[in-house]
Each structure stands twice: as C-alpha cells, then as structure tokens.
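Next, two complexes with chain A in common: one pairs it with chain B, the other with chain C.
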Partner chain A sequence: MSTARLVARNEWRLMQRSRVARLALFMLLALATVATFTSIAHRNASDDLRARFQAQADQEFDGQPARHPHRMVHYGHFVFRPLPALAAFDPGVDAFTGNTIYLEGHRQNSANFGDVRQSSLLARFGQLTPAFVLQVLAPLVLVFIGFGLLAGERRSGTLRVLKAHGVTPRDLLLGKGLALAGLAGLMLLPALASLGWLVIAAEAPALPALALALGYAGYLALWVLGIVIVSAIARDPRNALVTLLGLWALTTVLVPRVAPDLALAAVATPTRLETDIAILRDLRKIGDSHNPDDPHFAAFKARTLAQYGVSRVEDLPVNYRGLLALEGEKLTSQLFDDYAKRQFEQQRRQGAIVSGFGLASPAIALRSMSMALAGTDLDGHRRFLTQAEAYRYDVVQRLNRLQAEAVTYSDDSNRNKDPEAGRRVRIDPANWSKVPDFAYQPASLAEKLRSALPGAAVLILWLLAATWLLRRAARRLGEAL
Partner chain B sequence: MTALWRHELRIFLRQRIALPALLLMLALSAASVWAGLAEVSRQNAVIERIQPQQAEDHAAVAGHALRDRDPGNAAYYTFYATWDRPSSLAFAALGQRDVAPYLLRVRALALESQIHESENYNAELALPGRFDWAFVLTFLAPLILIVLLHDLFSAEREAGRLRLLRVMAHDRRGWWLRRIALRAGLLLAALIVPVVIGGLIGGAGLAILGLVGIAALYIGFWVLLCLLVSRFKLGSIANAATLAATWLVLTLVLPALALLLINAAVPVRQGVELTLAQREAVHGGWDKTKQETLQAFLNHYPQYRDTRPVEGGFHWKWYYAFQHLGDLSVAEQAAAYRSGLEARDAWTRRLAIVLPPLATQVTIHRLAETDLAAQLAYQDRIRTYHRQLREFYYPYIFDERPFGPEEFKAAPRWSE
Partner chain C sequence: MKRAMTSPDSAQPLILVDQVSLDRGNRRVLDQVSLTVAAGEIYALLGGNGAGKSTTLSALLGFLRPASGALEVAGIDPVSQHDQACARIAYLPENVALYDQLTACENIAYFMALAGAEPDRASMDRALDAAGLQVEARDRRVSGFSKGMRQKVAIAMAVLRDVPVLLLDEPTSGLDPRATADFNALLARLKARGTAILMVTHDLLGAADCADRIGFLASGRIVEEVRPADGIDVLALHHRYGEAAAA
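Presenting the complex of A and B:
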C-alpha cells in the first residue's frame, strides 16, 4: 500500500509541475465557482419572485369585492411552484416546466412561463450549474490530465524501470488512480462548499445534500477508474486520449440525447389539444348539464329531491344551482385526474426507457439521481401539478358550496332580472379569505431517496464493473512487462 | 491529377482511424436525419389527426350551443384549432418545437389567458436537447474532424518524414492542401449526403443548399482552427488535447456563460405579470357599470355604437366587451414581454458573430423556422386569427342577429 502511496505522491508532484494540468484544473475550478454563485443567485431570485407573485395572487383573491360565488370560480386563482433550495445545485427540469398555473372552474390549464420557452436557442446548449460542471466538464478535464498516466510511462519505457524497482502493477494502478482521484477531489470542492452552504444558510435538507455529494464523488471516481483502465491497456497515449474522448462524447453528449428520442418513439403521448377534446367527449358521455332531459342530471335531481324529501327544486333548503355546480365539477375533476394519471403513467414509462440507458451512460444515471435528490426531477413537477389540481378542486368546491348555502335558489334564478336579487347573490367578501392558501408539499426524504435509488444502483453497478476491469487491467499490465 | 488524389485517398484510408471515423460520421448524420424526419412526420400526423377530432368537437358544441341561436353561446363554447406545420427543413433542426406548442386552441374570449398555454411534454426528455442534424453538425462533427486532422503535420514529424517531404514535394502547398481537402471533404460529404437525401424526402428543394453551405463554413472554421493549432508545432497528443479543449470551450462553456449573461441582462417577468394583471382587468369588468365598459369598447368598435343598449343583469355584448378590454389593458405589458424575448434573441444573434457553433445553430434554426422567432411568428398568426374570430362574432352579438348552423359553418378557418 505504501508503494501505491509513493507512486501517487510522485504523480501528484508531476501534475503540479504540468502547465496543462494546472491550467485545466484552474479553469474548471473557476467555472465551478462561477456556476455555484450564479446558480445560488438565480435560484434565490426565482424563488423570491415566485413567492412574491404567490403572495400577490393570494392577496388579490382575498381582496375581491362582494361577488356571486360562481364569479369567483371563474376569477380563479394562481399557484406558483416554489423552487427547492437544492435547485441551486441542480435545477433539473425547472427551466423546462412552467412554474405557474391558472386555476379556474371546469378547466385545467397548463403550467406556463418556463424559462426555456422564454430563452433563445442558447438554453439548449446546456446551463452552467454546479451539476453540469461535474456531470459533463469535470470528466473531460480528468481525461485531459489522466490519459497518459500509464500509457505515457509505457511509451517512455519507464514501466520496466518501475518494475525493476519492485513496483507491482497493482501498486502502480492504485497509485496513479489515487493521484487522479486527488484531483477529482479538488474538483468536487466548490460543489461540496455550495452544498454545505445550502444546508447551513438556505435550510436545504442535509441528507439529500450528503447523498448528492456521495453520488458525484462516486461518478468522478468512476471516471478516474475508467481513465486508469484505458490508459493502462491503450497501445499508446494518443490511442488512450482518443478512446477516452470518444467514451466521454458517447456517454455524456450522445447517449443522453439519443435515449429520449427512442423513449418518445416507443411511448407516444397525446397532445394537450387532443386531451382537451377527449375530456369534453367523455364528459358528454357521462351527462350534459346543458340538456334539461339528460339522464345523468335527471337522476341526480331525483336523488337530491328524495334526499331532502321535497318534490320541487324550489323547495330545497339549499340552492339547487349550487348543488348542480358541485356535481358538475366532481365529474370534470374525475376526468382531469384520470387523464393526468394516464399521462403520468406514459411519462414514467418514457422515463424508465431513458433510465435503462443509464447502463450505457453513467451520466444518465447520475443525472436522474441528482435531480431526484435535489427535488427538481419530473416527479417534483408532477407533484406540483397534482397538488395544484387538488387545490383547484378544493377551492372551486368551497365556492360551489357557498353558492348552494349562502345564495337562495330564487335569488340565483332571478339575479339577472331583479336588481335586488342581483345584489343579494353577491355574498360577503369575508368568505374569500376563508379559502386556505396554496401550500406546496415537497417530496419527503423517503420519497426523494426512493426515486434516487435506481440511478444510484446503476452507478454502483458501474463502479463494481470498473473495479473488476481495473483488476484485469492490472493483470494484463503485469503480463505485458 | 486524379492519380494524385487517388493516391492520397489510399494513404488516408490506410490509417486505422480514418474509415471508422468517416463511417461513424455518416452513421450519426444519417441517424439524426432519420430521427428528424420521423419527428417531423409525427408532428404532421398529429396535425392531420386532430382535424376529425376537432370537427367532431365542433359538431357536439353546435348541438347545444346553437340551440337558442345565440351567438354568445357559440363563441363561448367553441374552441378553434390553430397549428404550426413544421417547415420542410425542420427535420434538420427540431429546435424549440418540443417545448413550445405547435397546436393551440383558442376561443373568442380574452386571448392573453390562452396564448401562453404550454404543451404537455415530458420535460426530462427535453432537458438534454434533441438528437437532430444540427446537433450532429455543431457538436459531433468537429470532434471527429479533430480526430482526423490533429496529427496532420505532427504525425509526419514524429515519424521523421517531414523533412523528407519538404525536400521531395514539388508543390508543397498543393500537397498539404490536397491532404487537408481530402480529409475535410470526405467528412463533409459524410455529413451532408444524408441531409441532402433527407431534404429530397422532406421536399425541401434547393433550400437544403443553405444547410450545406453552413456545414461547409462551419467545418471550414474547424479546419482552420486545426491548422492554427498545428502551427504551434506541438506533438500529436498536445494537438489533440488543445483542440478538444477548444471544442469544449466553444461549444459548451462559452454558450452556457452567454446564456447566464443574457438571461440576467434581459429579465422577462412580464409574462406572469401580464397574466395576473389581465385577470384583474377581465374580472374587474363584472364590477364596473355596463355603460362604462361598453363605452370604452365602442371607442374601438364605433360601428356598434347605434345598437340596442344593454339592459338587465347580463348580456353577451357587455361580456365580450370586457373580455377584449382585458386584453387591451395589458397590451403594453404584452408588447414589453415580447420585446424582452426578442431582445434575448437579438443578443444571442450578436454573440453568434463571435461564436461559430452558436452562429451555426442560430442560422440553421432560422432556416428551419424552429427558433424563438418562429414561435413568436406563430403567436402573431394566432393573434390575427383570434381577431378574425372576434370580429366574425361581433356583428351577430352586437346586432343581436340569430346564429344558426349556417352561420356557425361560416366561421373563419385557420389558414396554414
């Protein structure tokens, strides 16, 4: 072991003297630092802005004048998705998903104003975040510094000299690997500092932050192993470099782009327009509230009358129009949920296909793990959509209940003919502030860890495979000498 | 002359890396063109697929909304489809078409709450960007070129042949030029043959020459860069490392930094602000007197001034008037939002002057009409169509003319 350490120390000294290594490391650290600061600033600014918009929307809702409750159903509400603290490390899909939804009765609107749609093509080149620096740039810098670790020694013939001095191939690979791992550790420093800062200052959850640090450390360790292996078995340094560059381009640039295309081709999702039409079609099949002779609503009426033991809707103790609104909203909302569930299921299947490509590209595995831990994966967005829909339903039904209970049937029916009735249907605005505000519930620790698990498992698999390959490379190196 | 070229080709192909690199380029280019064509035909198929669904939906709406021959009901319940067909070059650069909708339904109510709607897309699939020809050209082709050219001079020097060559070749410049032109030319051919075939299949016609020209310029830029680096007389390894690092900085690092700068310099929060403000304006309409609302509206549509005044609690005239006034009240913010987006785009184009990979992307996406400008152009067409729809319904609503199936059929159609 001490020989390996000697080799590592010697290699370190060489690297410190190498201008290329120093320059590359300096550039990477500079980029990582810029990425850390801008990401934190961007995350804070976005989150503050969303919180401010949310407060404005809440205030405007509560401050509405006396109105007919159904007017408030159409006035609706806005909700904004807060940005988790760890989004400053890995913003994930945040820029790609809209962060605000307009909630109103009988309709389900989309989440709008995602950053990518509001940016030029530049957004598709990739965003400079701490996660991007470590996922994409750091491995390449490690390649530049490490490709010649063993291939260089082999070429200059120093391998035999080392062997003559009693250095075993195992010690040699271990030592070189340790030296490169030391550099990888340096590259991790800005990320670790930013994670630490986020936990201490921004109240980011500690365990996911720790898991993120471990995940990225494992990923860079994997690259270190890969570089040592390729450098050990390549014919010469140039071959080592070209092979490693190819591996890098394949696993971090090409496969991550090809995998989504294949997933999209395998699992088609309907467009929003088609879903809208399909929901309306299904709704017509259940019942048409516009049609006075519709069987569903006729049955509903009979049931309601029987429940209250009266024979006419005018005699009900509650406003029948409000009851109708409650029933109608229940039907549409069930359909919204059904279709959302179907869509989420399709997206999960697409996601599973991409995850499968993690076996071909550790970058994919790391990315999904990283987004899951940061709370910025698609699941986080789905969580927002689901909670927003539940909140929409709750607000609308509260207002419909107000229509049923606080507005009389005769006033409601005559509100457009009789100005007095029209005034009476505008109920006390104090009711608006009784509607609770939207409070987004982020994923629990257990949920985050669970959705990070597949990515982590694939990474561990990769590490095991790399360790095995390293042993074989050491044996081959021993035989070659 | 051809003998010289043939000889050069034989030397080139004898290199272990040459043929695999060229075949890889050809395969990547062909795969990306194939993927692009598949995506474009999928989008076209979706546009075809929605037509009967849309017709069925309209028939169903007609069933109940026309019952009272009330134009207000018809305008309220009918959603009209708009779509933005991919251009004949879109297969080469799919651009923003995955994140911005190319289908949108609108109705004659306030537009600002409809036009910013998004498509249901899987954000995790959109995150890494699409695998299209523009990507292969911008990111992958330079890497393969670097593999082919990084040891052009250094390999000869390292093999000790460089001096010999200098002495022996009659036309040294021509000899090197031939060597470079052959390598870059073959790579370029592998890159553009699939896209030209794709253009023929996709019916792009001569427009494909634009893509070919950009590819040639971009590859030319990288060839020059390779030659420039070779001037430093480094070894093959140092050449390869320097070129790959340059590639990294030009295609990944600088664009990412540029995005940070542009988005920080040109914030666009007006989108959310205007939707919040528009809702207040539209729903505030319920609390204003009908006269006030109608007066404001009639200033814009004086032709309906002499129609019957509104009485009672509700009338569609008043409803559609405050819907339109809601849009007008945020027109300034909508314009500011749009100019913010355009400013971001303009800065991107300015930066493209000094960043060849960005210039390549910007130009190809402009030719393919899949960039932000194309997205805004589609929104403009939606705005025009929305105005046609409103103004189609206004005479029926304001003159209180009955609105039956005949009239329903005469509504303006979306023109492609």
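Presenting the complex of A and C:
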C-alpha cells in the first residue's frame, strides 16, 4: 500500500474514533437527508399546486360565457411558472421572484418589475435544501473535523516521527487530503442520491444533474485542499481553526451577502413604485387608446381611413374600435418591453458584478453554477417573464382582432344604448377556447450549460490556485521540520 | 526488514559527522563538529541546553541541511537521500509522539507499515516484551500511558525495525531507575546485535554507565571526547562539564 494511502487509512481510523467527528458527520448527514426529503416534497407539492391552478385558470378562461372581446381582455388570465425537477435540489430564486403572473390588457403585471434585488444570492440563506447544506454547512463540518489534520500532528510531535519514518510532505498532504476527501464524499452521498432519484423518478435532465454533482464535488474538494493547506502551514491547531473559520465566514457568508449590496450600489435599480410612475408618465406621452381625441390616435385614424379609402370610421370594413385597441396595445407593450429590457440590463450588470465576486468567494461561483444547472436562476425567471409577456401580447391582440373582425363598429358604439347591439357584441364563447394555453419553454440543455460555464470556470480557477498553494504548503511543511 | 550493513567489528562507521557546520538564521549552532559511531558502538553526546545536541540529531535525520561538512548514515547522505537514510534509522525522540486514539500495537503497526514492514502480532509482542511493556497495556489506547510506557512503545518499534542506526534523544529523561536500568540493558542487547547508537543526553552518569564514548558539546563544538572504558574520572568530568550539561 502506498504511503499516502496508509496515512489516509490511519486518518480515517482516527476520525472514526473521534466523538466530535462522528457527531458532526452524523448531524450533517441527518440534515442533508432531511433537506433532501423536504425539498423534494416541497418541490412536488408546489409544482402540483401550480399545475392545478394553471389548469383551473385555463378552464375558467375557456369557460367564460359570451362576452365582448374587450371584456375578455380585462378579464385577463393567470399563468404559472412550472418548477423544474432540479429545483428540488436547488430552488434558486424561485421563492423570491414569484411564479405567477396575472396577464391583462394595457398592463404588464406582477414580477416583471418585481424587486428582485434581494434574490440574487444570500436571501436564500436559511432555506434547508441539499444545495444549502453542501454550500454552507458541509464546509463548516469539514473545517471542524479537518483543522488539526497536520497542525495537530505538528503539535503532538508525530509530524517529526512521520518524517523520520521517511514520510514525505507530499505523501502526508496527499494522505490527509484523501482522508478528508473521503469524508466529503460521504457528505455528498445524500445529495447524489437525491440527484439520482430526480433523474430516474422525476425525469430531471441527466447531464445538468451530473454537472451539478461534479460542481459540488469540486467545491468540497476545494474546501478539502484549503483545509489541508491551512492546517499544514498553521503554527498550531488553534490558529488553523481560527483561520479556517474566518475563511468560511468570509467566503460563504460575508462576501455573498455584501456582493449584491455592492452591485446594487454600483448599478442602481429603481423601485417598483418608481418604475410604475415612470411607465404611467410615459404612457401619457404616447397617448391613450381609449381616448379617440388623442393626437397619436387621431393620426392613426387618418392613416387607417386612408388605407381603406373611406372618409368615416363607420364605413370601414372592420371595427375601428378593435383597430384602436390593437394599436394601443402595440404601443403600450413596446413601452413595457423597453422598461423590461432596461431592467433586465441593469440586473445583468448587477449579476456580472456579483459573479465577479466569485473570484473572492467560490460559494458565489458555485451558487451561480448550481442555479443555472437547476434552471432556477434569475435568467430562468427572466425567461418566464419574457414568455409570459409574449403570451399576454398574443392573447390580448387575438381578442382585439376578434373585436375588430367579429364585432361591428355600429354595435360596439351602441352596445350600451341598444340592448340588441349589446347582445350582438357578446361573441361566441367558443372563441375563448381557441386561444392557446400558456406553455413555458425552459432553457435548453446548451443554454443551461452555457449559463453555468462562468461559475464552473471560476471554480476551476480556484481549484488550480489551491493546487499550486498545496505544493507550496508541502515545501513549507518539509522546511518546517 | 533486512539490515543494510551492520557488523560489530566493522571499521567503517555507520554514523559519520565530518566537520559539520550548521546555521539557524544568523546563528551558528554547529561549528566544525566531527564524530563517528561504528557498528556495535554507543556514543553519548552531552551538552547543556542550546549546545547543539538535538540539532546534530536533526541533521542526521535529514531535517536540517548543514552549511558545510559531510553527514552519512550507513553510508548514505541523509539530506540528499532522505528516504533511504530513514529506512536505516530508528529515532527515539525525547517526548515520544504517538497517536493517542490508537492502542500501543496499532501505533506500532502503523509506523512499521510506513517504514515498509508488516510485523505480525507475535513479533510485536516479542518486541514489546523486550521493551518491557506490560501485556495488559498493549491493546489499550496510549492516551493514558505514562512517559515511560510511551518510551517502551517507541523502543519496541526500534527493536522491530532492526535498523543499523539508532538515534536517541534524552532516552532516559523521566524514566524511573528501574526503567532506566531496563533501558540500558536493552541498549546493550541492541549494541550486541551490531546497532550503532547515538544518544544525546544531559545524564553524564547514565552515559558513563552505558556508552563506549562520550563527546562533550559546547556552543556547537565538541570540546572533549572520552572513553569510559579507559578509566575516566567521572567526578572530574562532572565538575568540568556536568553542571553545564545538566543546565
């Protein structure tokens, strides 16, 4: 058996005999197991609920009686974002960004301008999920078990004896690292089991699940390297523990909490209220589709009459009110899109700043990678908002087109005065069920992997840096004897 | 494990320290030190604190690189060929470092495995018998062991390793007279097997009792070397060096 394996095997034996190590490992595994079960149950319950509500909303929309199409525009429709299967592993920003949007004419509702600033990373702190256990708690347990790996040998004098037996610093670091890596592997087991279950039973995509497993394994490997390095160069176990706890607090708590605030300070985002007021102000500038005397819509009227070669809207072959609604919706939607793009761009810049902090905190890099692979990152939320808005626009314009084509201008103008006209503007309810249901298209595999790439690259950089430091620690360990 | 080269009659020294100078920081801790220990010989190095005794052992273990001079352990340079040299050395530190959570036998098995040997239980028991550790203590964790018991475990390891060179750092400090006598008897057996033994100690009387030669180290230099067999005046030596050595 190689010297490194002998050292590793002995370290395992020592860990098995350490009450602290046994207790810490048991508690972590218990937490990870509970987190796995509760997270899967929570995700399944949420997804079932959303699917049920979506079906109910679709049914209620389709089941509306004969109505004026514009009443249906204002009746609106709810859409729900389905939860990806891997959200059971890492729910990401889902709990903070919302998952339901009420779609209606002339408005872009709900989370589109929601205050997502708190959701970037650490707002999730405290949710007991497999991802949280591995990102935050597992490194802490590794620190408590591993801080004395070499510092303890130095204090007890066994380090000198080991060297006198021909054990090289390289073999010693490798053996200690292997032992701690074995422990980290144990900690990873519940998460791996949950990922396997999600792939097999919940049809989660296999490749992102595998990439998640590799990412978390790499992250724990990084902690193993860090602990071995610090323990090798620390003067005594106490110094090693204090240094490692400081590193843990800095990289998994402090930097992930401060980074979003710094990003917000660097790229200010207006509040939801400020955005709503700005949109209202701009809406007034571009005109009001419900006001036929509005200058923009007066010009539109002139263009329309000219297009059809008539002099009065009453002579148009289509309902002018429907055309007005189509034009009004087009204008307001363009405005909403402009604001949404601006907001998305600000969030993207904030996200880039936060990602940059991954160079100071591998936890940030891992979280960004993890959420991207699970499909629960901010990009996934934006994807939902974009698709919901496209769907809203399509539904509203279908209804406006129905108003233009299935309702006459005369009936539309007299519907409140003439009961017969009022009856005729209520069109066949079969039209409602012709409106397609909302079908959310999640990110493709390639898109998920592309989104996860920056985080993975930063983690790899960390691993390379840690390997380089390990070599220096080995040299220093050799010189210190 | 097979012994590399040992012969009680061999003229070739198994431990060679030739004109070795060694610095730690800006301070010269060994200054032109020379000594040899032949197979089947016990050499005691005496000196006060900071005289350079433990530094000499560290240099022979390859832990420290001399500024000048030559070191050899069984014909091997311990600095440039550390692994090979370690395979020929058994080292007994002043405070025997063992793994508290392991039993005496587990400690022995582990360190022996690191040295490339896999002694069976019977061999370990024989070595522990020779070292004088009680049978009932052998499967107990060493966390509750006294200094003497720990020393016996380390001695058993040295016996088991059957190497040509034994380096001892204050081997009898903290041992009661009975344990010291047992230890000296064991050294005599190892000596008879052809082991070259270098021990550093403060104990002039103990050294005079078991060593073939005694070197006195002061301020990094060997100032005198005597052979107890030549009928030395221990009392005079004690007056000359004993107080400094005991410091």
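Quick notes on this structure:
Operating definition for what follows: the second predicted complex is superposed on the first by the 457 of 481 C-alpha atoms of A that agree within 3 Å, B and C clash if a C-alpha of one lies under 4 Å from a C-alpha of the other, contacts with A are read in each partner's own complex, and residues count from 1 in each chain.
Keep in mind that, in the parts below, contacts are C-beta pairs under 8 Å (C-beta built on N, C-alpha and C of every residue); 3 or more make two chains touch, one makes a residue touch a chain.
This is a predicted model, so every value here is computed, not measured.
With chain A as the common reference for superposition, the partners chain B and chain C occupy compatible, non-clashing space. With both structures placed on the common chain, the touch criterion links A:Ser156 to chain C but leaves chain B unconnected.
In the superposed model, A:Ser18 makes contact with chain C only, not with chain B. Ranking chain B and chain C by residues of chain A touched puts B first. When the shared chain is aligned, chain B comes close enough to touch A:Thr100, but chain C does not.
Once the two complexes are overlaid on the shared chain, A:Gly166 sits against chain C while remaining clear of chain B. In the superposed model, A:Pro260 lies in contact with chain B only, and not with chain C. Touch criterion not met for A:Leu359: it reaches neither chain B nor chain C. Contacts of A:Leu6 after superposition on the shared chain: chain C is touched, whereas chain B is not. Once both complexes are placed on a shared chain A, the shortest Cα to Cα gap between chain B and chain C comes to 14 Å. Residues 17, 28, 31, 35, 38-39, 42, 46, 49-50, 53-54, 56-57, 60, 64, 67, 79, 81, 95-96, 99-101, 103-105, 113, 116-131, 135, 139-140, 143, 147, 151, 236-238, 240-241, 244-245, 248, 251-253, 255-260, 262-264, 268-269, 271-272, 275-276, 279-280, 283, 286-287, 312-314, 341, 344-345, 347-348, 351, 358, 361-362, 365, 371-372, 375 of chain B touch chain A in their complex. Those residues of chain A whose C-beta lies close enough to touch chain C in the complex are 1, 3, 6-7, 10, 13-14, 17-18, 156-158, 160-168, 481. For chain A in complex with chain B, the touching residues are 20, 24, 31, 34, 38, 42, 49, 53, 56-57, 60, 64-65, 67, 71, 74-76, 78, 92-93, 96-98, 100, 102, 109-128, 132, 136-137, 140, 144, 148, 237-238, 241-242, 245, 249, 253-254, 256-258, 260-261, 263-265, 268-277, 280-281, 284, 288, 290-291, 343, 347, 350-351, 354, 368, 371, 377-378, 381, 415-417, 419, 422. The touching residues of chain C, counted against chain A in their complex, run 61, 63, 82-83, 86-87, 89, 91, 93, 95, 97-102, 106, 110-111, 113-115.
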